[in-house]
Every structure is written in structure tokens, then in C-alpha cells.
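By written order: A, B, C and D. Residues from 1 in each chain.
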Amino acid sequence: MRFGVVVFPGTWSDCDFHYVISEVLRQPVKYVWHRDRNLDDLDCVILPGGFSYGDYLRAGAVAGRSPVVEALGPFIDRGGHVLGSCNGFQILCEAGLLPGALMRNECLQYRCQSTHLVVDNVDTPFTRGLRPGQILGMPISHGEGKYYCDVATLARLKQNNRIVFRYATADGQVTRAANPNGSLENIAGIVSEEGTVLGLMPHPERAAERTMGGTDGLLIFQSLLGSLVEDGSFLKR
Amino acid sequence: MKIRVLVRLKPGILDVQGAAVKRALVGLGFPDVADLRVGKVIEVDVDAPSEAQARSRADEMCRKLLANPVLEDYTIE
Amino acid sequence: MKIRVLVRLKPGILDVQGAAVKRALVGLGFPDVADLRVGKVIEVDVDAPSEAQARSRADEMCRKLLANPVLEDYTIE
Amino acid sequence: MTGSEPKATPDLARDLGLSADEYDRIIQRLGREPTYTELGLFSALWSEHCAYKHSRVFLARLPTEGSRVLQGPGENAGALDIGDGWAVVFKIESHNHPSFIEPLQGAATGVGGILRDIFTMGARPIAILDSLRFGDPGEPRTRRLIEGVVAGISWYGNCFGCPTVGGEIAFAPEYGGNPLVNVMCIGLVRADRIFRARAEGVGNPVFYVGNKTGRDGIHGATMASATFDEHAEERRPTVQVGDPFTEKLLLEACLEAMNRGAVVGIQDMGAAGLACCTSEMPARAGTGMEVELSRVPQRETAMTPYEILLSESQERMLLVAARGREDEVRRIFAKWELDAVEVGRVTADGWLTVRHHGEVVAQVPVRALAEAPRYEKPTVRPAGLKELQTFDPLTLTEPADYDEALHALLASPTIASKEWAYRQYDQQVGINTLVLPGSDAAVLRIKGTRRALAVATDGNGRQVLLDPRLGAALAVCEAARNVSCAGGQPLGVTDCLNFGSPERPDILWQFAEAVEGIAEACRALELPVVGGNVSFYNETVQAKGTPQAILPTPVIGVVGVLEDSERLATQWFKGAGHRIALLGPDTVSLGGSEYLWARHRLVAGALAPLDLALERRVQAATQAAVRAGLALSAHDCSEGGLATALAEGCLTGPETVGCTIDVPAATRPSLALFGEGPSRVVISVEPARSAEFEGLMAESAIPWRWIGTTGGARLRIRVGSTIAIDTVVEGLEHAWRRGFERHVA
């Protein structure tokens, strides 16, 4: 599988994703400049975290209108996969590739902390290796991660089972207290209609090595690779 | 041609920042604040022959970038 | 009584946001943007018998909280 | 344009902060009256901030050499060799005054400045630490300051993409009108790829890169000049505003240009902006420089040469490129959407020649600017210090209830959890942070090697007030001890010296003594000081008009290395049934302790003595225990003494666990529980490995003993025959979690 990690001015999780994909997953990966429209030799495009264009107007607003993001449409149509994390999720929403928007955290402060995610939908390329209701530990780091969409959109998301991850307690309770940013219905990640575009606020690349405090994030990549390591801790749960 | 664009959260959407500012004001001795909302004002200087053209350019800018239709309404003055 | 307060950066203070948005717009095909500045619009609903009193309250609010005198100017409309 | 400028006079020189002697000196060096612009250059370069006029003679006492030192003081930052061909570049800087005027932007631009100091060396910043001091957190004014400063650090560091992994926040009334915002940054660079701020190579082009120049932060004295022409209003100097996004682009563009070999030398335009760079860079290289100011990208109209030279607009650099590589430099910066404009060239004549629209507005020997006068002003031991020191805390009544006293201590804002602050900081970007904020030191792995770095900052103003020399030495020891507790071997120091006015002999005495203390400790621990910063004039003028100086506060940053990143320790207990050892001497004191302040609002008494040789052995033993995998946890005893250290061991981890402790009787239980002293570390050990640990301790030739075991839900401490503390950990945790947060949230 060939990965491409997009670099916008102001992106900073690009190197982290690149490192995890090449050094941990041992998969071919290259950087994609934001002005690039050519995604032909790629199977999966990563939109990493950061403050693209400083997020000075709205998080992801300017990047959401860049050449590389315009090229994502055709890329998705021909079966390509897209994973947007943190700023990447914001960009996907701003570009209209995922519904809804990400607003300022309810606490009105930036939050960098570990969170627990409960897996609602294992019927996507990104989660097929997981169990329904499985709980993943993954850190967040954002100031604008409060997911919002209108009632109709929310209904559609639920109907088509497109809510993939929700913030929960360590034992999987979806409570207000477990919601770090005031997201609608604790939503942490959603997929597109076809399920080939995933947007999530948490950072899987920061939970991909034991020494970094966990490997749950790796499970998302491994699902995507369609392969699961034997010693994956989730098997023992 | 100077155009003023106001970008505000849609009526239905909870304005957390506005609520916080309101709370702070009440705490500072302004119980008479019945409601408060915070938005953006964007002042654009557009090279255009006429005010009408400047406005329509500003409108394009809003649709293309300045406002997020999911969350925000905009008005041009 | 609805009062509108505009809070803008003082002239001469670098408008980081405005500069970035301007650059973005030029890139999106708006070379006709000569200048752009971003500020806050705060819409306050004040319980006051007269407009004049509402305004003077809003003015107090600005001095106490809404505007940062080191960086920002404000106007009441 | 320059026609509208005033004539240089001794009075104007005084307005610009130059003494009469200094003005005469300038005339001597030039052999004529300076122009107004030249006077501006001197006033900036000869300012305390740039020239260290009052501190240089004392700073010369600091040890700066060592086998690992690749770059000592004098450059943008210091550098140490850490093996595998890597160097660590680090420095600490203060931004106290700007942060008081505008907390958010002041703190943000402080972060921006220190980041630039690191990446101008060719290093990629990998971590930030913030050391903060505020007044009484109960006051609304202080609360606003804290919120603004933390928000500013959070905004700038997070947006730029460098994790903030450690620091401190301490409180004392003396900081009320003058908070301290010290920021340390650490970067990594290949040891053979370090860049320096030198204008080498006669004929090489000089580039201005980064943000445009405005009237930001220009010396207030420009106001004087404004009255001379019609631009008065727009001349008003403005507050510097940070632009972390542009800084991030600047980082990537600079590193790219450096790696391509297109860069000869580079310096950040920090204090005194262009004036500083155009004189310091050639001065270091023994060359000269000529610049044309009209080429400098400007944000504002009608800027005078004086303003362009002295502007402190942020996110700008002066870069000397290799001749023939000009287009390459322009291309790289264009790719990152940044200005890169050729504004001059390196000359052989040793002069700085400044032109504006072709007309020479300043022509000065760069050495004259670089060689500011140095003063050795008188120092006097503060009156009343003796009395303070001779106060005996043991004459105070013992608390009726030690449980309550411990709860109160853990809830004191200085000791309480700082999570409210650091959860607003990205602590992980770069995926190197092995130990996050919340333990004695942060630990960062070095990708591609087995090694890791441990970093910490410390500085206790109360102790320095009571005994500047000892207090400053203690700060060095504690920062190093924190690094040792993580398993790191301390390698070097950066120091930020925050004091009052050096023109006051009693303040200057504090300063001189503190520097001496740092020097002694660094020599004993073999820690070179490779960079730092002096911040004087930290005082508030009170109603009555008497200036109130802050507590003398040297903040010490220590960087250490772990040979094996898998062999590290954190400060919290790891579960039940582990044996607890206390390393170090029993000699502690309540003098200057957090207990004395929190309970009695007193800053008095004598500090516990420091045995530097023993301190070194205790740290070596701690490192060895961690390296051998014997230490399941290691935590030093600092503010709040042994009881606090034990409580932190119980409650700062992911799961809380109690412990049962036995310590020998002391003159007073409060002394044994809350007394503070150096060289003390609490280590928990697997029972099965007790013998091994005992062997290691024996070799280390240090005093130590087993004091108890972990387990249960309570913290129990028996002092001699009396059970002094017996309380549930959960309650202690609540006090510790809320103690600081309740003031800000």
C-alpha cells in the first residue's frame, strides 16, 4: 500500500505520520506538497494535524480550498482512501468531503490529553480489524474539535452508521464527562458515505508505539492494511 | 472601495464564546446584559470601479472562503 | 436595546489574521483585494430605558472587558 | 527624511538611556558627534539588555568549558555533543516586562524569540519548557495574567508545532506587579552542521528574511523624535504581536537553505532588531557590513532609518548567503511564501555603513558598537538579612493535625498540580516525548538512536532571598537532581537570572552572590553553562514610591542524556508491595520552606546546608539505580519536604497507591515531614531486588535507608514513635488537583 502525507504551510504531524508509516508499519510513504494535484501513484492520502495557514480564519479553511484537496475528489472516485486527523479532519469538513464542521472547544481552551474512544462502526476499511464497542486509547491535541452538524445531517450519519468513534470513559460509557471538547453526541470521528474517507480529531500516529504509551492507533493503520498483528492487544480484550 | 463583511454564527447555533463573555460581564457588574453574541468583522479594500462590483466581489469571497455555510451567515455593508 | 460593538486592532499593529486571509484570497483568484483586516463584532442586548444609556453601558463594557486597550480600538454603533 | 531628525545632544542621549560618560565615549570612538541614527544604534547596542553592562564582570565567573561543549555563551544558543553525531542546542530567555504589559502576546513572542535562537543554530526545536512566577493567585489581576500568559505560550508553541514538556509555576506576592515568564527551548542538530551568527566572507550578500518591518516595540524614546515632525501620531511604538505560522515557515525555509549549504551565517532579529544583527554579525567575524534600508520590507509608511534599524517586529532574520547562491535562497523562501530580500553585503572595512535611499545615515566601526562599557558597580549585603536568617522556625507552634497540614501544603498553589496549564500545551508533537509533564523531568527520545534527553527547570526565589549563594547553588542541584531522577546524566546548564535593579548595591550583591553559587555548583557537578539570559529591573513602584524588587530568581535549566531510552524512571509509585528507600542526608530545615510560607506566611530562617560532593554522589547513585532497572520510581524531595514527595509518589501517577513509612524522631515532627534540604531522593524498589539495590547503595558511599513500603489506599507516616500522618490518598489527591486550578478555572 502506498501512502502520501500531505504537507500544507503550517502542518506539523506530517513527520510523525511519515515516521509511523515507514518505521513502524514499514510501508512505502512519501510527502505530497499542497500544490500537487497528482495523486496517481497513491492508495491512501493522509491529511495530518497542524495549523495549516495558521488556522487564522477558521481551522482548515484555507487548506480546504488548496489544489491537493481539489484533487482528492477524483482520487476518492477511483477508490482511493483518505485519512484526516486533527487539522486533517477540519480540512475535510471545510472542503465538504465530510459533512459538518469543527468548532472551538466548549471549554474555549486548547486541550492536549489522552482520551478513550469507543468504536461504533467496524464496517469501514479503517476499522475492519476492530470489534464493535472496542475501546481505544488515543491522545487529542486541538483547540477546535467540537463536532457540529445540523439535525438532518446527524440523522443521516446515524442512519448510514457513519459515526465511527465517540469519546467515552475507560469502560466505554459515552458520557458528558468523557467528552473533552463538547462534540455533538461525543463524536470523535466519522466516515464518508462510501466509508473510504475517515476524519477524526484524535492522533493515531501518537499511539502507534509501546514507548509512546500505546499502540491502539496502529490498529487503524493495520485495519487499513487489512492485516492484524498477532500480538495486537485488542485480540486479548 | 472599502467593504465591510460581518460573519456571525447561525441563529440556531450555541455561541459558547458569547455566553462566556456575557457571564464575565455579569460578574463585572453588568447584570443588564440580556444577550451577547460574538462574530467577525472583515474589512476588505477591493479594487473595483463601482461599489456594486466591489460588493459582488466581496460576496464571492464570502462564498469561497470567508464564511462557513454550515455554521455562519454573512452580511455585506 | 441592541448595541453593536466593533473591536479592531489599533492601526500599526500587525494584523496576523488579516494578512493571512488576504494572501489566501489572492491565491484563490482575488488579486483585487488591496487590503484586509479582521476584527470582532460583538452584539450586546442591554436592558436600558434609552439608546443613549445602552450605549454608555456598552462603552463601559468595552473599557472593562470587551476591548484590550493595549492592542485594540473599539467603536459603538 | 533624515532632515526631520533631531541633532544628537547629551540630553537626547540621556533620553535614550545613555549616560553622559557613555555619550563622551561615543564621541571619542567616532572622533565626532554621532548622528541621530548612530545615537540610536549605540543606545540599543549599549543597552543593558544587549550589552550586559552590569552583569558581564560577574558572569565571567561561570564555568563554560567541558569536553562536550560545541558552543558556549556568545552565540544565539549553546550546544553540547550528545554522541551518535548529534548535538543538543538549548537556551533560556525571559520575556517578563512584555508579558506584564500584554500577557498573551508578551508570552507568545517570548516563545517565538527563543525558538528562533534555536533554529538559527541549524537545529530543529524539539521541546519547550516554561518557568513562570506570579503574585497571589487569589487576586483577579494575577488570574488574568496567568490565563493570558499560559494562553500565549499554548497558542504560539502549539501553532508552531513544538511540544511544551515541562516547566514550573510558583507564586509569591513579590511577583505581583512583575511576573516572570522564562522560556527554555531545546533543539537537535548534527554536530557538524551547527550554524553561527557570523558575517563571514567579504562580498557575500546579506538577506533580510521573514515578516515585514513595522514600528513594533521601538524604544519608547522614539516618541521624543516624533515631536520633531508631522508623523507624531503614527510614530507611536506599538506592542509586538506574534505570528507562529510565519515562524513555522521561517523554520522550514531556514533549515532547507542551511541544508543546501546556501547559508554562511544567520541571526535572529530580536532585541534591537536590525541594528543588533548588522553590528554583531560582522563584529563576531571581524568584518564589516553595508545595508540599504529602503530595501527592507516595510509594513508601514514614512518609517525613518532609526525606526527601521530599531524595530522589534517579530519573525525576522538576517542571513548571510554564499555569493552565487542568491537565487537559490530566494527560491527556497518563495516556496515557503516568505520575503527574502538582499539588503546589503559583507565588507572588509570593519565598519557598519547604513544607507537610506543611497544617503549614508550611519557609519560606525562595528567593534565600537560591540564593545559596550562594562561596569563593576558597588555591592552591599542587604540590611536585615542576618535577622531573617537567624529566625528559628522551631519556635513556632506545631500544627495540631499533621494530616490537615499536609493537605494544606499539597493545596498550596506552588506545589499543587499544574495540569490546568500544561493540558493547554501540545506535549507530544514530534512523537519524542517519553515522559510528559507531571514527573521530575521530561524525557525525549532521539529517533534513530538508543539515547534520550531529560530536561528540567528549577529556581526557588525564597531560598535565594535568604541566602543568594546557597539558594542559587540549590537551584542548580535541584534541576540536575530532577534530570537524574528520570535516569539522565546532567550534561549542561542554561540560566535565566531575574533580579531587580543592578544600580541598587543590595540587589547587585544578591546577583553577584547568586552567580557565585551557580558557578560553585556547576563546577562541582561538572556542568558547563553554555548560555543564558539576564533580566534586571524586575521591580514594581509601589504607592509610596519605594520600588519593590521581585524575589531574586535565577531559573536554572538542565539538559541530561539517557544512554538507553528504555531505562528511565518517573516519580510516582508503580503499585503495591514495593520497598521505599530515602537517599541522602537527614539534615533539613524549615527555613525558607513552602511549609513556613503556606502555614505562617513567613519567609525566614536558615537553609539546610549543601554538600556538593554528596549531592553529586546521590545523583550518580540515583542514575545508576534507574539505569540498572532497580528504581521503579524516583522522586526528589523539594518544596514541601519528604511528606510532600511521598504524597506525590502516591498520587501523581495514573493509578494512586498508598504507602506506610517509618522515619526517625526529629526535634519536631514538622521538621521531619515538611523540612526541606538538598540531595534527597525517594526511590521505590521491587522487594526481590532489595539486595542488589543495597549493594549499589553501599558502593555509592551515601547515607540512605529503607523507610517503608507501598500499598493500600492510605498514606501513613510514623515519626519516631508517633503516627504523624494517616490519611486517605484520595483526599490528598483532591487537595493537590484543586489547589492551583481553583484559582484559575
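Just so it is clear, a residue touches a chain if its C-beta (ideal position, glycine included) is under 8 Å from a C-beta of that chain, and two chains touch if they have at least 3 such contacts.
Note that the structure is a prediction, hence the values are computed from the model and not measured.
Colleague: Between C-D and A-C, which chain pair is linked by more C-beta pairs in contact?
Modeller: Here the pair linked by more C-beta pairs in contact is C-D.
Colleague: Centroid from C-alpha atoms only, then distance chain A to chain D, rounded to Å. What do you get?
Modeller: Their C-alpha centroids are separated by 36 Å.
Colleague: Just give me the whole-number Å value for how far the CA centre of chain B lies from that of chain D.
Modeller: That pair's centroid distance is 41 Å.
Colleague: Can you list the residues of chain C that touch 2 or more other chains?
Modeller: Residues 16, 20-21, 24, 28, 38.
Colleague: Do you know which chain A residues sit against two or more other chains?
Modeller: 53-54, 56-57, 61-62, 65
Colleague: Which residues does chain D have that touch at least 2 chains other than itself?
Modeller: 243, 245-246, 337
Colleague: Who touches whom among the chains?
Modeller: Result for touching pairs of chains: A-B, A-C, A-D, B-C, C-D.
Colleague: Write out the stretch or stretches of chain A touching chain B in their complex.
Modeller: Residues in contact with chain B: 57-58, 61-62, 65, 93-94, 99-101, 103-104, 106, 108, 148-150, 182.
Colleague: Using the touch definition from the top, list the residues of chain A that touch chain C in their complex.
Modeller: Touch list, chain A to chain C: 53-54, 56-57, 61-62, 65.
Colleague: Can you check the complex and tell me which residues of chain B touch chain A?
Modeller: 12-13, 16-17, 20, 64-66, 68, 70-71
Colleague: Mind pulling up the chain D residues that touch chain A in the complex?
Modeller: 151, 154-155, 158-161, 243-246, 248-249, 336-337, 422-431, 434, 445, 447, 565-566
Colleague: Report the residues of chain C in contact with chain A in the complex, numbered from low to high.
Modeller: Within the complex, chain C touches chain A at residues 16-17, 20-21, 24, 28, 38.
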